[in-house]
Structure formats: structure tokens, C-alpha cells
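First chain A sits with chain B, and in the next complex the same chain sits with chain C.
Moving on, here comes the complex of A and B:
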């Protein structure tokens, strides 16, 4: 017994405590962790909690009741749910594809021209992102104004296209461009810096081997920027799932019966905007909670599909 | 830690009080509390007499139309008369009243709800009558029947039908601030080009009142004007281009009901709903008197088009008569020469014409510590002189029977000519779930005009969706 006790003592002396090992990490990560908990986890928990209540303007903060899963049942029984799910899927896929492809295309083009020209072109593409959202959306609304107004009507008239109220006749096209031009600029910046960090030797070697431009892009550039592409895909999928501001400012979910209403806008309309006064916060919280769950599932799927762990693992061979 | 708690541990630690010390301490505490509280005037609840001292009252009002600033100014004027009445009691009311112009109803209402939850709401709030339902349910506003009874002489000349819109399950929660009607405007000059005589044009409001000119006549006249090139295609009839309560005139005109008087539940009449949708579907898709893709047209463009005389029939509120003069610079005489106004014609000949009113109301909040004084202030603002001043400035209709004899009101021939419409008016319901009801009905209306669904599909789907959402709060007839 005495010998065992000595061994344990020696081991304790040798093994530093958990705190001693992790103190520095905790110190550095602590503030960020607190922020994440307070501003991300707590709101999610509150939203989940509220989704099981009937809280609304008419109940106030003191008269609400627990109603179990009634809000979720109403959402899944509602006749608009299928349509809004479909709109959301279309919106995310369409805008995400535009953002990544156009962002990548602009990045590839601008790194292959003179620096000044490329820089100027990228700066122009950044304009929508640095414009205030409301101003940017209003400019689109004015451009697509109904006849006899609208810059677009002026432009297309010489080609024999009849003037129309574009925002009502082709709402999805405008939502795609409106979101796409803003979203593509983020991908463009990230892809540009990633492409420029690829060693020039690889491109030279490929050219010596007779590879054409398309082969270089396909076999060298794209595989080497997989990580930025994954980041843009995951980040923008999440952003798009939760974003609705440009739709709100232009079509507001219309025209007609929820033609452009997406899930996050539906939650906003239900919980925070009511023409006749009663905000249904509990029901809106249930919609938001479903969105959070879908977001987590989509992220997990994308991280798995793109083998996130492989991308961030230590290189097997280190060249010094 | 124990010694700071209020638990029995305090006693166990040996804090002992003699009876004498206890009485002295308690007396001192009561005296200190009495000295530290606000003057009694600020603690006045409903039903008590006016207290001595200065009482601060706050009121929030909104246009959003700019000419409605008398919503605030009338309360300020009423504070002066109230202070004269209160002189003998030694009470003085200090009023802080605000008026929001050009803002949005959503923001204004949200601000009030947040203030009410924080117990920072003003004593008086002006809003739409339908807001009373959620706000009363949440306890933000108070029932006014006992106070109205106490000061009933001040409210005896309120137009009786308006009280219907002030009640929630037979309890009164609001006082009318103003009201309006939503007429069908028509261009006299264009009807003259169609060959109508002056007598026929001027007699149109009477023909509508008698049921001799029905909705089908509006449609046929509009089609004729388009066919003869007097107006452009699809410029025969413009309804409002955005969400609003005006649309429900056609639902009522076709036999619709919105609320059950006995139970207070919301009501849907599927046959009336289908006809309501049919009117709008036919206007856009069949008769082509209204443009395709019309919903969402900017308000400015809508007003510029109708004031330019390019549309034969159009619906708007009475207040737009003043707006066309102030914002769109149409001289009043030009309006009288070229524009007429009538009730929304009956669905069939011989039927009853309609309009819809949306009274704005004063409500007294639960946060108010001076509810009786707040009501007395509203009462003093509810006079023929003050309300007439508001009416002529903003083209809102009288809420008092005595206003029609008021010299200011008498001078405004538009108000005099439209006042009769209140005899034909309807209201939207006061129900906490009206927002959900309105959302579904309006979305299907836009879907019908968009050609997404037929009127029958829209009516059936709206009923089905509202059954899911409202459950036992909906009666389908």
C-alpha cells in the first residue's frame, strides 16, 4: 500500500493539473466563449423556449402560457408551409450558386489581368457591399419601377421589349441579382487572395507540361482553394438561410401568394410585423427554431461532404 | 451572509427589538415613505377626484399623414380648458404631447408595446381602433366605461355607430378621435366625354344610394371608356395599390360578415369571400379595367396617375382629397370641376351601397397614474370646435353630431358632402387575431389578381388556412 501511494504521488507531481495545462487557452478563448454563449447559445435557447408558448402582443410578457408543440403543429399543418420551404430551397441554391460561380469567375479573371485593372474591377464589384442595404435595394426598386418609369424599361425599349413592372413580373430574377451581386463580392475577395497565394511554380510547371488555361483552373487552382470554397459555401448557405432583408425591401414576399416569401422572412412577418397589430412571437419563434435546426443540419452535411477534418489536418509531409 | 437575509436566521443571530423600538421604527419608516412618494396628484387612479398639485400627462399621436397634426394640437388645446376646470381644485395638468408624421404604423405600435411592457407608456395613445383588441388583452389599456359614464355629458354627441368600433366584448376601451370613409371617386370630365349629361353625372351618388347604379354598371362604364379610347387600357378602375382595409367593402357588399356580435369571434362567409375575389379577378383578368401586376405600384405613381385624370373610377380615403391638393398640387376647384365621389355601389342593382371606416381612437393606458384626468383631457378634446378644426385640415369626417352645425365644419363642402357616408359604413373587427385573418385574406386577394389561383380556390384555401390558424375563434357561415 505504501509503495502504491508513493507511485500515485509521483504521478500527480509529474502530471500538471488540467488548469495549468489549459490556463492560457482558457484565458485567450474565454472572452470569445462568453460572447458566443451570451449572443448565440442563449438566444437560441430563448427562441426554443418561446416556441413552446403562445407569447404575442395580446398576451404581453406576463400573460403567456406554455402550449406544448401547438406552434409546430400549426406550421406543419399550414397550407403555405410547403410553398415557403420550396421558395427557401430555390432562394438558397440559386443565390449560392451565383455567388460562388460568379465570385470564382471574377477572382480568376482579375488575377490574370494587370494588377491595377484587376484591383479596379474588384473595387467596382465591392460597391454593392459597401452601399447601405436600404439604398441599394431602393436603387433596384427604382430601376425596375412600373411603366412609364424605370431605367430597365428605358434600356430594353429599343430591343422591342414591352415595358413592365419587372419587380412583379420577374421577382426571382431581381432577388437573385440583388443578393448575388452583394454575395459574390465576398467570394471574389476570398478566392482572389487564395489564388494569389498558390505558388507560381505550380502554374509554370503546368504550362511547361502543356496544360491549357481550363486544365490549370480545373486541376490546380480549384483543388488548391478547396478550403476557401468550403468556407464560402458553408458561410453563405447559413447567411442565405437567415437573410431576408433585400426581399423585405423589394417584394416583401410577394407579389401574389408568398411568391418570394422565404422561411426567415415568414418568421419575421409573423413575429415582428403585423399590419393589424398582434405580433405572434411564439409562432415566429417556432419558425426561427426550425431554421436553426435546419442550419445546423446543413452545416454538418457540408462539412462532412467536403471532408472538413481532412482539410484542416496537419500535412503528412512537411517540407522545410 | 445570514445577517443580510430576511429569513428567520436574522432573529436567530440575536437581533432583538423591544415593542417601543419597533413602533418608533415603523412610524419613522411610514413617515419616510410618505415623504418620499410623488405628490398624490400623480397617483390618481380611475374614479378618484382631481388631486391638488401639478400632474404630468403624456400623449402619443401619429398621422402618419402630415395634415393630421391636430391630433396632437387638440389635446394641447384641451389641456388649457381642463386646467381652467381644475383651477378650483388647485390642480394643474402639464401635457407632453407628440405627433409622428411620415413614419410607419408598425414602428409606432412597436414603440408603444415596448413602452407599455417597460411601464413607460404615455397616459394617452392614439391608434387604430383594431389595436385595442391585442392591447386590452395584454393589459396595456384600460376599460373606460365607468369614466365615460361619469362624464357622459361630454360624449353624448358622439355619432352612435362609432361606439361599435370602440367596444370589445361589450366593454368600451376607446374614444373616437376621427373617422373617414373610403369613397369611389370618378372623373366627371371623362364621363362627360362618354356622353353622360351633367345631371346624370351629378346624380351618380344618389343613383348609387338608391341601388340604381350597381358594381356591374361601374364595370360596364369602365369597359366602355376603354373601348372608346377615353382612357387607356386597364385604366377603368384603380383600387388602392397596397394593403389596406378598403378592400373589405366588396366583401361586405357581397354579404360578408367579419365578426359575430354575440361571441365576438371572427366570421367568414365563403360565398361572399368568393364573390369578393371574383370582383377583383374579373377586373384584372376578364374585364381588364385594372392593370395586371397592379399591387405594389408606388403610392406616388398611383396618385400622380389619378390626379392627371387618366383613370375613370378609383377608390381612396376621404383624406386624400386634401392630400391631392397639398402634395399633388391640384387646385381645389379643379377637383370639384372634374372629380366626383360616391359610396361603393351595391353588388347588385337594388342592393345597399357600402363604405368602410377606420376610426382612429384615443386610449388610456394602464401605466397611467392619472387615468381620470387623462379621460377628462380626451373629453375636452372631443368638442365640435376642436374636432372640426382637425376635420377641415385633414379631410377626416365628423365624429360628433354637433360638428355638422359647427361654423368651421360648415365651411368645408367636401366634408358636408361626404358625411352621409357614415350612415352606410362598416368597420373591421376588434379581435386579437384579426391580424392573422387579414393576412390570409389579403394574400389570397393578391394571388387572385396575380392569376395564381381562381376566386373559388382562393376562398376555399383561405377558409381552410384560417380554420387551421384560428381554430375555435373562427365561425364559418
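Moving on, here comes the complex of A and C:
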């Protein structure tokens, strides 16, 4: 029993019931525990469970049957699966590269300039992240609009690029920039605080030894922030794999059949927003189940790799 | 701090190379500045062709506020003011529930030893990076079973749950930094744990509550996917869903209206961000280090 703290208020020594001992904790933890169970724990199990059923709105969600691994077989044999896997890989790799490189670049530059200027630019880079996704998507949709409306056309015209409707003609480039500018802020913030915590002496010593800016970045800054970089790489690739909100708001998988459909959007379309009218929840759950498993595995890895045990030491003082 | 490669002071004045980082930074950031500048600018002109306004300065685009019946694109849409109120209710309720539940759980995790504490803390940390968006399909079924589908309450609960891992973790951090002395005195004097938490400890973490509350509010105000998926019928609709509907139907038709509604929708966020930027940035930066 947890009665061995440095301070004890309870005088009677009769062993209280488990329930009485923990009643206060249960009271405090109750609401959070219920929400976590109902909206995380149960959904994870439900996703896995439903992936082995044929549950769909066509059968009114109630007349479902266990169908074994039929959903998974259907996914792996599907004629669009290859394309969607390819799209997903392109999407994650392109946006991840953009996010990490630009995040690192902005972090390095903003700590390099005067503090106020650096702060201003970091705030601007955070804007896409804190703006409603719909408004952000609206701005890009408009910027990429065909002539005479879009501004992207105006900026590339001096370089001899023919005006076009970027979202339709170059959907992947559009998606890269759309998602890239949102996602770079995470890396920027983490890298900035990591760089600022590097002892100033190291830089001073390097400068005295005659190192130039590039050498300092390459040989001192980047090696010293390799853990934050690894963290952002792993975290960001997982969240990109699961994310589809900005694609949904713009190309919505198009133009044309599945041109920019990524795995998570495919699951969403299949189970929650099918144009065919029938929501194939079971099939969509099988698609999502793969993402859920990846999510659990990667989160668990992050937890272990970034020293969970240091973060959860027992409370110092206990009052029972 | 903040000087990776600042040139050593030289006798010959400022070197021209010190301007390079500013220029590069500006160049990289230009797309964002242009997008937002253009959203603001475009909302005050009848229409825009690229960067050039067509026609003179006008407030026509903003007439959705005082004469919504004259706006073609809004004809079959719920009126903007009730939509704004719905969005506000959604964001505020989410923020308040997140604050209450996170600070209760955060307090227990910070101060009380109980069976399952480590497990729960580990779970919270795990969920902190877990992409909750992958659970929407199962959540759809759960909301239907709970008879909360197509209701604002259901969406608020889901949103709260999704914000919770972050909130609990942040609040635990704030409670960890509060000294035990006052609390101990209150407990020795015979106050209950619940009372001590509410009357003694909560006032001490006000900065944390404010920061988390603002973040949760902003996140709720911006939310698109949850109301879009879980509240399709429209009586309690929020701004994001309706703006998306206009965007989908009226491509390139009335961008003046779209920019005005978009700016109207994002303006409160920009104001909050402008005034509470440092506070928010700190929580963002601290929040992901977990």
C-alpha cells in the first residue's frame, strides 16, 4: 500500500480498503481515464476488430459478419493499391524532406540574426500551423488558381513558365508546398530551442580557430542536435503517414482517379465519405488498422528512445 | 545565446555578409507573407487578377455580415452569425473541458501515488505522439452507439479526448513546478485533497491554465475534420465546414467573398496569436519535447 511517504496524516493504522485508499486518485483520474478509454483504447481495438468484418452502411451497420482476412486480401489485390502506396511514399518522403530541411534552415537562420528579427520570422512560420486548415487551404487554392486569378503564375512568369492551374497540372508540387509550409514549424521550434541550448563556448572556440559559418553548422551545430533531428524525422513521418486533412481540402485525391490519393485518405474515403453511397466501414477499418499499428509502434519507439523512464519518476512526497 | 556563427567584431565596420541570413530568411518566408497579405488585401477589392486588384477599394465583400441575403454563394447556407456562435461555443467548451479534466489528471499524476500511475503516464505520453486521426472510423461507430452522432456534444467530447494527452502532460509539468509547502499546510489543516487542489494549487498554475486554455481554444476554433465527419446535418454547423462548402462549390467564382469570410474566420486567431505569441510558442515548443 502506498502509505510510506515522508509525511503521514492518517493516524489510525487499520488497513483501509483498496478503494478507500485510492478514492481520491480515482476521483481525479476518472474523467481523463474514461475519455482515454472510450476515445483511444476502445477505438484501437474496434478498428482492429472491425477490419475482420463486412460492416457497412448498406447493411445498416447491424447486419455484419466476420469475414476473416477478406478485407486485407481485397486491399492487397486491389488494382489501385500499388498506385496509392506509391503516392503515400512520395507524399511522406517529399513533405518530410521539405519539413526537416526548411525547419532546420529557418531555425539556423533565425538564431543567427538579431533576436527580435528571428522571433518575428519564427512567428510567421508558425502562422500556417495556427490558422484554420480551411483558410490555409483556401489561400493556396487561390494562389494556384488558373489565370487570370492565381498569383503563382505571376511569380513564375519571368522565368518563362507558362501559366497554368497548378492544382490540376502539378498536383504533387502543389501538395508539397501546401503541406511543407505547415509542417516546417514543428522542426523549426524544436531545432531552435536545441540550438539555443548549445553552450556558446563551442561556437566561440570554433570561430577563434578560424571556422567559417558553414563549417560551424556542419561540424558543430548539426551533430549536436542529431537527437532532436531524429525525433522530428520519426515523429513527422508518422504524422504525415496518418494525415490527409490538407489533401482532403484541396485536391481531395484528384484530379482524376486516385492521382493524389494517399493511404490515410483512401481509408477515410472508403469508410466515411464514399461517393458510391455505401460506407464500407469494415474495409476502411482494415486500411486504418495498418496505420494504427504503425502509429502504436512508432509512438512506443519514440517513448523508449527518448527516455521515458526519466520523465515518470514517482512523486517525491506522498500524503496518504 | 542565439549566435551560431555571428562574425567576430571587426575594426572595419559591419561586413556585407551579415546581411545574407536576413535576405535568405526573407526569401524563404516570402510565400507565407504573400499568402496572408493577399488574403487581407483581396478581401477589400471586388476581385483580384493575380496581385492586381480589379476595381477600387470596397467593403462589398463584407456584406455577408450586414446583408447576407444578397450574397449568392451563401444562399443555401446557414447564416454566418449563428455559425460564428456555434464555432465559439465549440471552441470554448472544448477549452474549458480540456482544462478541467487535464488539470485534475495532471494534478493526480504529479502529486498522488496510486496503482496504475506509471501505466497511465506512459499511456498519455504514447498517445501524445499517436496520430489520433487514424481512429476516426472507429470513433464514428462509437458516437453512433452513444447516440452522440450528429450532435455538438459528441464532437466536443471527441475533440476534448484528442487534446487530452497533450493537456494532461502540460498540466502535470506545471504542477510539478509548484512548491509543496502551501499545499502541505492546507492538507495538514484538514482541507480535503479536492479543495486543496481547487483553492490552493489551481491559482498557482494560472499561467499554465491560460496557455493551455488558449491553445485548446485555438485548436477548437480551427477544427475542421471532426465537425465535418461527425456533424453532417448542419443545425449546429461550424464556420470551417461551411467555408469549405463554399470553397468547393464556388471555385474561382467569388474570391472576394471567400477571402472576406476566410479573414473573418481567421482574424480572432491572428489577434490571439499577436497578443499571446510568446506564451503560445513556449507551450508549443515545450509540448512536443515530451
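The rule we apply is simple: the second predicted complex is superposed on the first by the 238 of 320 C-alpha atoms of A that agree within 3 Å, B and C clash if a C-alpha of one lies under 4 Å from a C-alpha of the other, contacts with A are read in each partner's own complex, and residues count from 1 in each chain.
Methods note: contacts are C-beta pairs under 8 Å (C-beta built on N, C-alpha and C of every residue); 3 or more make two chains touch, one makes a residue touch a chain.
Since we're looking at a predicted model, the values are computed, not measured.
Participant: Who wins on chain A residues touched, chain B or chain C?
Facilitator: On the superposition, C touches more of the residues of chain A.
Participant: After superposition on the shared chain, which partner residues are touched by A:280: those of chain B (first), chain C (second), both, or neither?
Facilitator: So A:280 only meets chain B here.
Participant: With both complexes overlaid on chain A, does A:224 touch chain B (first), chain C (second), both or neither?
Facilitator: Neither partner.
Participant: Does chain B (first) or chain C (second) touch A:67, or do both, or does neither?
Facilitator: neither
Participant: Considering only the touch criterion stated at the top, classify A:169 as touching first (chain B), second (chain C), both, or neither.
Facilitator: So A:169 only meets chain B here.
Participant: Is A:143 contacted by the first partner chain B, the second partner chain C, both or neither?
Facilitator: So A:143 only meets chain C here.
Participant: Figure out whether A:83 sits in contact with chain B (first) or chain C (second), or with both, or with neither.
Facilitator: A:83 sits against neither chain B nor chain C.
Participant: First (chain B), second (chain C), both or neither: which does A:94 touch?
Facilitator: After superposing on A, A:94 lies clear of both chain B and chain C.
Participant: Of the two partner chains, chain B (first) and chain C (second), which one does A:254 touch, if any: first, second, both, or neither?
Facilitator: So A:254 only meets chain B here.
Participant: Quick one: classify A:156 as touching chain B (first), chain C (second), both or neither.
Facilitator: Neither: A:156 stays clear of chain B and chain C.
Participant: Enumerate the residues of chain A that count as touching chain B in its complex and touching chain C in the other.
Facilitator: In chain A, residues 61, 145-146, 149, 272-273 are touched by chain B and also by chain C.
Participant: Quick check: in the complex, which residue numbers of chain A touch chain B?
Facilitator: Answer in residue numbers: 56-63, 74, 77-80, 145-146, 149, 164-165, 167-169, 251, 254-259, 269, 272-280.
Participant: In the complex of these two chains, what residues of chain A are touching chain C?
Facilitator: Checking each residue of chain A against chain C gives 2, 5, 7, 9, 22, 24-29, 31-33, 35-36, 38-40, 42-44, 46-47, 50, 55, 61, 102, 105-106, 108-113, 115, 117-118, 121-128, 130-135, 137-143, 145-151, 153-154, 177, 181, 186, 189-190, 192-193, 195-196, 200, 203, 207, 212-213, 216-217, 220-221, 235, 238-239, 241-245, 248-249, 264, 267-268, 271-273, 281, 284-285, 288, 291-292, 295-296, 298-300, 302-303, 306, 308, 311-312, 314-319.
Participant: Quick check: in the complex, which residue numbers of chain C touch chain A?
Facilitator: These residues of chain C touch chain A: 1-6, 8, 21-22, 24-25, 28-29, 31-36, 38-39, 42, 48-51, 100-102, 104-105, 107-115, 117-118, 120-142, 144, 157-158, 160-162, 164-165, 168, 180, 184, 187-188, 193-194, 197, 218, 221-222, 224-225, 229, 239-240, 243-244, 247, 251-252, 255, 258-259, 262-263, 265-266, 269-270, 273, 277, 280-281, 284-285, 288-290.
Participant: Enumerate the contact residues on chain B facing chain A in the complex.
Facilitator: Interface residues on chain B, with respect to chain A: 105-106, 109-110, 113, 116-117, 128, 130-131, 133-135, 137-140, 243, 293, 295-298, 301, 428, 432-436, 438-439, 442-444, 446-447, 449-450, 452-453, 461, 464-465, 468-469.
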